[in-house]
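Since the structure comes first, as structure tokens, the remarks are kept for the end.
Lettered A, B and C in written order, each chain numbered from 1.
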């Protein structure tokens, strides 16, 4: 059953991968560890759930969830990021954590703290290869995530907008000299990373058919771990890290027990941070700002 | 023997670009020397190598006869070498007095000193010493001000007082007069002359040649990381190599 | 004193201790997002000594605190090679690992929790918290605190002035861990029960939030932050969920307006000057 576990791990990893890409976009370009992203992941799942509960069709519910996440992310940019270039470097990070707490508790007040069942959207159909069972939803979400990441990396590499983003990531001074409008680019990046996180939340809800106000914490924090393991600021690092963390989690659940997951996953993160802080695919770090 | 700072055969490259090449010069004890040259000549790099912010690729640096080439940057202050930065690096949200107390660290770093609650003791000798040093430089009135509230010129000179309190006998100043108005420049000049009177050796990187002329006995000219001339400013500025490298010197008279 | 008031003030005492555990490393520029892990070490170690070896509380809790401090040194040395985001993440991961280890440690009850046989009265908790505050006030009056500030605001210059940046960082990190362990040990003995789930990320995060709210420039900030976080929601009689939501919203808005926190050095200086020259 090892092969089955590996497949399951990769499927979970695809979710981590999207979250990690969202984080890496914020870190790589904005140098901001944006802890509101797990909250936006949860908003993706919970708002979709809430709208569908009101009887909205799934595609409208998803659209509302994505819009909500984008809007909240603009608030984060305004209140946690933009205003704080003057204070202590840890303030934006901590303020974004404040957003996470706020979002969780607002959703909790609305929907209660229990886990809720998310309606099944895709037909309950399984592919079978030999002894392997692969769910339709799993295949769909893996394909969509990989497609999205692939598109994003092409976008960054081959379009003018992508080149502008990479210039800002390299050096803000150069970007300013080249006349890049950073003040406009930053909110766009916040929206992009929010959409990625919220979309991952929707995929998670569709896949595992459950949502809760706290669904962002576990997944979101592991997404951060995935990003660091892979290498901050590197999209393919986020992909690799996401898949690795997903595998590590599923394998340790099936061979060591569910309670050990945090030890393996965060132990791996700690080890990487001490031995190779730049991550598996990252470039050696210059001094980072929080 | 009478060199306060001696540099020989110093080289340093960054990513294959040679910033300093086989540089040798001496700064005599008690004299004020300027390190000049066009932008990018490697002046600040020399400061970074002497203070240990960067490690050297080759060469030897001695301060007051002590080899500091491979000494950790933290220990170099105890040989008497201190520096300033182009942009003043004081703790801006603290008071002037607190900034000066950090300067005393090298002479008060035992566990006992670290755990003495000096702030609870009125007129503790550290505070007295710092206030006296400030008063001596005519800055006594600023002792309890927050640094960020002070004019630029005053902050520059507080930086100097901090270095003196650290017991610096060789002081490297990176563009001390940059950004100062004429009266602040005069105050700085008096301050530096007073330090020189006390026997402190100064090595100054400066673009303002009038300022250099008014405080320095001799200059070392760098270009592309190499020394191209040294001697009194009046002689050096007649040197054709210098004129060629350093067009800026022509115009300023 | 009513049971309710006693309960609130005990929580305040624990929050104050946690605040100073976060404050010490923060004063040296390190964001420790894993403070709950060190509380867990102090809590479990002291509870184990009380339960299994019959140690008196007054010996077991300081021992747990010392053990947390020692772990702070051992873990701090490799972890403090990282800076900024990396350090924040490393401490975050550390907190997760420590609490997961206790969750799996059957000798201290595992996921079922661990009852503690000795009881620390509210009076003991208050006295201990007051002791921590006095200690911190003392430390803030020393050169050590000044060095931490120097390391935080400009490590390069601090180093060139002869300050051992690494030494100061490890010391601040370990002392913070020891304070956390001390608070954790008392927590175990006051509530007579420890469970690993209590020492989670949110505990660390909330502590950091109210310390930053109070302000990290002076030693009074954490005290003010902890008091605000504990007492204001009680006064408002808010439900738990609204309490956290309102608190988080308030913090976000407050930090946007005043990122340096409520109590700052210049604020205190103005205050002091007024007192001296009326």
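To be clear about the criterion, a contact is a pair of C-beta atoms (placed from the backbone, for glycine too) under 8 Å apart; a residue touches a chain by one contact, two chains touch by 3 or more.
Just so you know, these numbers come straight off a predicted model, no measurement behind them.
Novice: Where's the contact count highest, between which chains?
Specialist: Ranked by C-beta contact count, first place goes to A-C.
Novice: What chain lies closest to the overall centre, CA atoms only?
Specialist: It is chain C that sits nearest the middle.
Novice: With centres defined by CA atoms only, which chain is the most remote from chain B?
Specialist: Following the centroid criterion, the farthest chain would be A.
Novice: Using CA atom averages as chain centres, what separation in Å is found between chain A and chain C?
Specialist: 29
Novice: Roughly how far is chain A from chain B, centre to centre by C-alpha average, rounded to an integer in Å?
Specialist: So the centre of chain A lies 49 Å away from the centre of chain B.
Novice: Using the average of all C-alpha atoms in each chain as its centre, how far is it in Å between chain B and chain C?
Specialist: 41
Novice: Give me the residue numbers in chain C that touch at least two other chains, ranges are fine.
Specialist: In chain C, the residues touching two or more other chains are 260.
Novice: Under the definition above, what is the set of chain A residues touching chain C in their complex?
Specialist: Within the complex, chain A contacts chain C at residues 27, 33, 78-80, 83-84, 86-91, 93-95, 97-99, 101-102, 104-106, 108-109, 217, 221, 224-225, 228, 232, 257, 259-263, 265-267, 269-270, 273-274, 277, 285, 287-290.
Novice: Show me the residue ranges of chain B that touch chain C in the complex, using the header's touch definition.
Specialist: That would be residues 51-53, 73-78, 82-83, 85, 89, 91-95, 98, 101-103, 105-106, 108-109, 113-120, 144, 146, 149, 162, 166 of chain B.
Novice: Provide the residue numbers of chain C that touch chain B in the complex, in ascending order.
Specialist: Those residues of chain C that touch chain B are 138, 140-144, 146-147, 149-150, 153-154, 156-165, 217, 260, 264-266, 269, 273.
Novice: For chain C, which residues count as touching chain A in their complex?
Specialist: That would be residues 26, 31, 78-79, 81-86, 88-90, 92-94, 96-97, 99-101, 103-104, 110-111, 201-202, 205-206, 208-209, 212, 216, 241-242, 244-245, 247-249, 251-253, 255-257, 259-260 of chain C.
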